[in-house]
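Should a chain be cited, it is by its letter among A, B, C, D, E, F, G and H, assigned in written order, with residues numbered from 1 in that chain.
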């Protein structure tokens, strides 16, 4: 396992499935599960320990409202932690602020509200720093994205 | 000790001293210390354990920015937890949302931004539910507050 | 009666029923009724008086928009008052600020927007400070919540 | 007395003095005093009763944070109530929402954050509906304002 | 005509009809029409002139987005102007700020977002300052509102 | 005169002077004066008329709070109108929304809060659409800006 | 081609079609296509070059979220650039700020959230500075708009 | 060079110096320079190319207002890009949204407003995924942070 995806509730699955899809596409082994910073703080701790022992290089944590999960993970590891603020109330502004505004010494790499796919891609980019094969796939993916835009432009007849 | 006051950083002391002053005024024994949900998560856990063993009835937790401290305390106790959002950025709006918007099952009793005195008074009100002496002091204090308003009105000559 | 739940309008009932459900689950006697700080200020006053006479230990007040109900209750009692900001406009941000930003001397223990269940649980936590039976139930409830997360995680196959 | 100006705290006086100045300029008798919706709810009630008995036609209420004073006055009179949200935190956004977002049946005529002078002028406009002398002064005042703009423009040499 | 209701667009009619209903209920003669500060500024000016000539005592102006209509009316009359911010975008926050945050000398009496009924009631309250019959109706209406709350409370069985 | 700069108050001059400086630098004749949409609506109208007669091609209007000036100008001309929201309260968010959120048919070209220099540069860009000399100066200016960045980078030794 | 309309994604087409409709109505030749500042930065550059070579006088760029497209265009041209913030999240507030708050030297003429029609009309107004025929059409269009308001008012019977 | 730090203006240096200090402390070679997405887009492109050729593994980009720099870098590399929103207006909320709310396919790892030190630490964490020496230093640093909290707690006598 290279990436551990944690989400605060199983109701977050429809959004977070997109993160899993991206990791699958890039061939990055991951584990995705439910763990709550508030309801199961000890489970969060043991999942992090296990993941690190299993060679996990990046954590993704998704939560809504007073979104503490990513910060709670960051408190217990020195691996990069990516936070996905979820829109569960206030258009996700509460979760965005609760994820991004971390104090010095405990950074969380925050993506957009409901930005699950980008969280996974960022995880791939981080792992690719030391994995030339992944790095190549990212370059190819960037070209695919550009091509998709061109195709859409062509479909507009312009 | 009846109340444990935790703050995320010693720079929060000038604001949180007001909470201590209120508890002192009401004769409620307390302990006030620094503990960070992100930098010393284990210390938070052990402080809660010790406080509960020492008969602590209410927790007050103050933090700014992505203010997770109160939520982290609430995750580990069934005692009432009062959260004080501190104005460290964005006028304290980030801390207010990160403190108040807790998910079902893990409430934090949130007071106003920088509302340290009110946090302490709320702690006294909670303890007074089963302490007739404290309850009496609260009634007297309420009267004092009203009298202070009258005195100010008189000073305005109206 | 140990808890009095007030709401500004009967249209708030679908949200506030969750507070009643939590109190019922914990076996805490309560009364729930409609009273408006703006349309029936005297009714609010008399309900508080009656409730206190009947041994009420905690008040829960829910309102939307310029949510003054919790503050109006707090102005007239020294018991703990829990405020539930309701989402009636502006995603509930107006009600959250109108409930939480109370001035010194008159605290309201504010929970999340539409956080009725948490308001009731906080009331139980407050009453449990002096009720060992309730305190035990809270510990059991916390374990149930954690178990529910584990079950959901297992259902995800992870 | 035609206008009663209430403010939540004597620290609001520097801002609210501008309301008094405007009323003085227009020759409208007023009383200005301190009364808190939260600390002295009964005083608010008795001040309203007295003012109405004394012929008061308009109320001005100024408060910051969870600014309930104007709403509390509106709950107890059928006279027009003007609310002045004060900037005591969050740039006054909390007070603005807590003053303006009143529920159906209990309007508060809200002016800008710290808009004390406008509150008084609005009170004069309301009283002028049935006072031809005041109405004339308002027309003259409007012309003065326009002239002041012209003078400033001239000073800019344009 | 005692009240002139202006709205920026005929799409505002479903909301503003509530203002007309309140005025009808109180027996206050009014005129309601469409006029845009931006598309028909001259029409706004002539409508104000006509209304004042016809004895209009209060203006109500409703608009969404960069809601300038109430301010544009206030610029051209010394009668009280009530502004209704409409929710056409950003939950109505843009319209609320554009209506309430008027500069010194040109007040707009702002009500809640989409607060058409309250705008009309405020107009009645203003007219009632010099109309004992209306004042009586307002007192009766306040009692009705309180009774309605009591009836709802009774329906809840509490 | 090619550009007319209007500001709501002479207190806006320190910010708006930057607009004048940019126009001077590009050699674009302009007039800058004070005119309030709310205090001198007729002056706004006559200034627009005069400016158009004098060959004015672009209007710049700056105001704070419920910033209606740019919209009021746009209501009375078909020339491009540039709006500068000024920070007079709420960090300028009120003025930004009141300037940008214009309804269909009456656009205002809005720049950043206190963005006076950019407003002037945008005016130059608009006039340059049909003025090859100005267009050339803009290209040179863009290069100057880039060079200034390079110089700063060099000063950092990087 | 006089106007180039760029949008970040083909999902923006339903909103941006209104811009095309306005340009068609005024007989202004335009090109509309998809180009992403983030996925196809080079395409943006080459489209700008081509458009300028083809005589394009104004650019319109529409994007949601962290809306950089208009700024990216403004970085590479000295022609006027009009930005349309799209509501893709947070009610469009993110896109509005990301479009309007440009630094000195690189202005973007920002219109309302989803204000596609106004963007096109502003483009026409800019082109009309040097095109008397277009200028005439704008005057006629302004009259049409006013007439439409009058017709709506008549339909309301007022 | 392992990290390239870009900032939009040399006025950002006092904040961004903290990023450099952290990298120095961890012994990570870096380059820090000024480059503007809007004023020098080509320089941004060439700096990225050079940095990648020189073995740069992570980019840090800091900007205020409509903060496009991090997004512009992310558009041109597949390496991880860390964005630092700077408080230049609106308390940094504009920069936070413009940095974090990136569209699918182009993530920016966003840290807190003015969170320069955390950006650098996140860069170290990313590089440490494949650098056991750095990873060890991070563990030591985490312990230092915890010790610092304990020392502060001791200084408070608690």
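We adopt the following convention: contacts are C-beta pairs under 8 Å (C-beta built on N, C-alpha and C of every residue); 3 or more make two chains touch, one makes a residue touch a chain.
These numbers were taken from a predicted model, which means no experiment stands behind them.
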Overlap of the chain F and chain H neighbour lists contains G
Sorted by label, the chains bordering both chain E and chain G are F
B-C, D-E or E-G checked against F-H; over half of contact pairs coincide for E-G
Dist(centroid_CA(chain G), centroid_CA(chain H)) in Å evaluates to 34
Note: chain D sits from chain B at a C-alpha centroid distance in Å of 35
Dist(centroid_CA(chain D), centroid_CA(chain G)) in Å evaluates to 43
Residues of chain B that touch two or more other chains sit at 9, 36, 39, 65-66, 89-91, 93, 100-103, 105-106, 108, 112-113, 142, 145
Each pair of chains that touches is included here, namely A-B, A-C, A-G, A-H, B-C, B-D, B-H, C-D, C-E, D-E, D-F, E-F, E-G, F-G, F-H, G-H
Listed in rising order, chain C residues that touch chain A in their complex are 87, 91-93, 112-114, 142, 145-146, 148-150, 152-153, 155-156, 158
Touching chain F in the complex, chain H uses residues 9-10, 13, 31-36, 39-40, 43, 65-66, 89-91
Per the touch rule, the chain D residues reaching chain E in their complex are 57-58, 78-80, 82, 96, 100-113, 115, 117-119, 121-122, 125-130, 135, 138-139, 141-142, 145
Chain G residues touching chain H in their complex are 8-9, 36-39, 41, 64-68, 71-72, 74-76, 89-90, 93-94, 97-103, 105-106, 108
